[in-house]
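Multiple structures are listed underneath, in structure tokens.
What follows is subunit A paired twice: with subunit B in the first complex and subunit C in the second.
Up next is the complex of A and B:
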């Protein structure tokens, strides 16, 4: 009987965990769709953006562009480390890449945080009309997701250093990769909308 | 128990167990000792009280927890409705030209003596008790909320806001999706538990936390949220409009928590249904209630995050000084955006409330008509069509909010299109009953009530989908009648039917049928007496607000009708106590049920009663669809899904 049930489980195209994360991304997409939809409504309601009341505000496009690069690189390293685990390369490679991914994620958050401090210093706050509010809410919502992904990745790195992953058994790193790449892929859309629209 | 099983299952046991005999030697002792296997459930041991009844990981216990949670909240939400019906029946009658007014007519307090109500001197024990609890020096409850015998507008607004919020988010969804979903999905698809049992428990306890936060809002200064369950901005944004401070913040926070609970639950349901079906259980052999729950889980997954985003923006507006939805000058806020976001969630939510009810009706009607469901696949496609159309009709809630006329025509057309799949389903239910050998058991009565009330609610829906008609009847009692015909007449009758139908599997006992029948007929009559006259009130342009139903001449004729509705509503409320009593009493004292009392085909009835941890001694194999009743050439009129073909010759196809 037990063998039969294991066969039933093995016949699944996706593991439960992987499917669950993919389904979660559907909900995340709708959450950001709600926020982006709100942003577009405000953007289209104003002929100029930023609105005239905040015409002096300049968002740091260049720094954020470089930051975008860091995040995209972290997505690539994350994917490469998954591939290395899958084809059974020595653990050292995947461990280094996983730690590099996490570091890039942290660097992204730190640069973002320092930008926020500067912008608040220049007078752009949550209370600065819908321009400031959408900026902080959209970017902040994404930052919370990156932060969550970094925590998740930290746990995965701990498991990896303990040698828990093999080419047949690496669901935790696979699900984390799916989520990480989703968060990375979301960023350029937000970057374009918030900084250039 | 075992004897009962054998009696009701004679042919089932002969064939099913013989066919499975080859596995028997290995199967027999598996659940008890299998020390080295990989199945967590197989070496299950007896758990302590807390793990078994409170922080349970078992889908059946979580389902029952959701059921009891929903029933408790049902009485809270119903009680709020009683309170504002009380006011509506006894409005103050103003003095108008040529018409003698009646001034502020105090609300009648049942049981209090006339002297006490006039002079304030307690006469009877009821007077003294009332004074002590509600009107003492410290509480002054009546002084605050019902001064001079008339409810304040703020109190009234709070009552109907919280009635709707609790009924939608804390009663119908937890029972239909939480209780029936958790209990039925693993049993009906033939697996041992949900895909993520810990997340399942988390989903329930998040829902409890949400309920605690929601109820705590009643006790904060300023009262609970009173901007309507739709929380329209800017009414909900600026405390200056409603006088509500933390009440509305708690309302929004509670719904955010409820959103997490739904998210976790729906991920669990979708994964379980996609990944964990028993061998042979193809998608088109799933019982329709599972299809309904699957579609609803997708709707919840995708709709609730939109509400969450709107609620987050609302909380920022109220607490952090942003201006997303407010009308503050220079802020650039857009109150109409709230309505779009809310109804983009809100309309799929309406189908979340009704689709599981449709699924339950689709289970009950074939069983008690002893006929296959008419048009199984069209039932599935109709549900998918309803779910899809639900995403593109949200604007029909906003015809009065200012909309480009072309958009109005678009939303009107798409809304009316929903009548097509709904009619497919209705006619399929009728086609299932047509020339069946109908058994009028109480669950079947509830299912028939579901279909007929749903038709009335659906037809009034077509009226208001019409933009010009809706412009007139917007926010009148016609709308109230419509939603209650669909959600009470539809969803709640399905819930009652489902509870009575699956009670033998949940608790191993029957509910008392006499009490069930009394409850059904009284509910059915009181329900129609309560909500049908509301159509007439609505067409007479009676708006749904406290201030003041009798203020204008065209409403004078409706006073008697309002009193009648209130009397019926109180009857309806009191009658539900019969159900509550019957439910609790039957858990302990009901007649012990056999394994498959209604002779149903689906897999949940293959499991022993009461269902053990892990559900099935061995995972069943599914050989056919769920509705093979009265198959020609068969000895009995039912053919369970897990029963193998008895003649090997027929295996050729």
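Up next is the complex of A and C:
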């Protein structure tokens, strides 16, 4: 009986773990929808953006654009590493790609952090008004998600180096890839909304 | 018969004339052109669309995955 139930669970096309991650991402989408909604209220409520009180502050569009490129590349490398595990290529390739993905995620966070230090130095803080509050909450919330994804990926890299994944058993990589790609896909939306709106 | 029709039309005209204009009945409508009100409108519309998008994507992906698996 138990064996039969295990067979059914193994043959299920949509694993519980995968469904759980997708539902989590649904909740995350609602969170970001709320934050974007608040941003839209303030953005459309102000005729000039940035408001006149912050007219001298220029967000670093170019550097963030390059940073966006790093994050998109990390999404591609993450997907490729999953495909390599799925088609049973030598583990070296997938391990290298996973490590490269994590490194690109870290580079993204470091560049974001250095930008924040510069902006705080120019006087844009969380308490300095609506402009600073919406900027740091939206971008910071995404950065926290990237940080969480990097921690998750570090665990997956450890499991991969220990040889725990095969073409039949790789749910951990698959769920991590879904989360990573979600975080990567969300960023260009936030980037254009906050830096160019 | 004609008397009935005329009477019905008169009652209908009376009801229509007694209904106040919708704009006057709506306390928030006077600020519709206000930028902040427009921002709220777009924000509400955006957030109302999100649950449909989320459930649509989750339901769609589960449906698509199962259908593909059964075909194979």
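We take it that the second predicted complex is superposed on the first by the 195 of 197 C-alpha atoms of A that agree within 3 Å, B and C clash if a C-alpha of one lies under 4 Å from a C-alpha of the other, contacts with A are read in each partner's own complex, and residues count from 1 in each chain.
By definition in this document, contacts are C-beta pairs under 8 Å (C-beta built on N, C-alpha and C of every residue); 3 or more make two chains touch, one makes a residue touch a chain.
Since the structure is predicted, the reported quantities are computational estimates derived from the model, not experimental observations.
Looking at the shared chain after the overlay, A:57 reaches neither subunit B nor subunit C.
With both structures placed on the common chain, the touch criterion links A:23 to subunit B and to subunit C. Contact with neither subunit B nor subunit C is seen for A:99 once the two complexes are overlaid on the shared chain. In the superposition on chain A, A:44 makes contact with subunit C only, while subunit B stays out of contact range.
By the touch criterion defined above, A:107 reaches neither subunit B nor subunit C. The larger set of touched subunit A residues comes from B, when the choice is between subunit B and subunit C. In the superposition on chain A, A:126 makes contact with subunit B only, while subunit C stays out of contact range. Overlaid on A, the two complexes show subunit B and subunit C touching the same residues of subunit A, namely 14, 19, 23, 26, 30, 33-34, 37-38, 41-42, 45-46.
Looking at the complex, you find that subunit C touches subunit A at residues 35-36, 38-40, 42-44, 46-47, 50-51, 53-55, 57-58, 61-62, 65-66, 68-70. For subunit A in complex with subunit C, the residues that touch the partner chain are 13-14, 19, 22-23, 26, 29-30, 33-34, 36-38, 40-47. The residues of subunit A lying in touch with subunit B in their complex are 1-2, 4-6, 8, 12, 14, 16, 19-20, 23-24, 26-28, 30-35, 37-38, 41-42, 45-46, 51, 53, 126-127, 129-131, 133-134, 137, 141.
Touching subunit A in their complex are the following residues of subunit B: 23, 26-27, 30, 34, 37-39, 42, 195-196, 263, 266-268, 270-271, 274-276, 278-279, 301-310, 312-313, 316, 320-324, 330-334, 337, 340-341, 344, 618-619.
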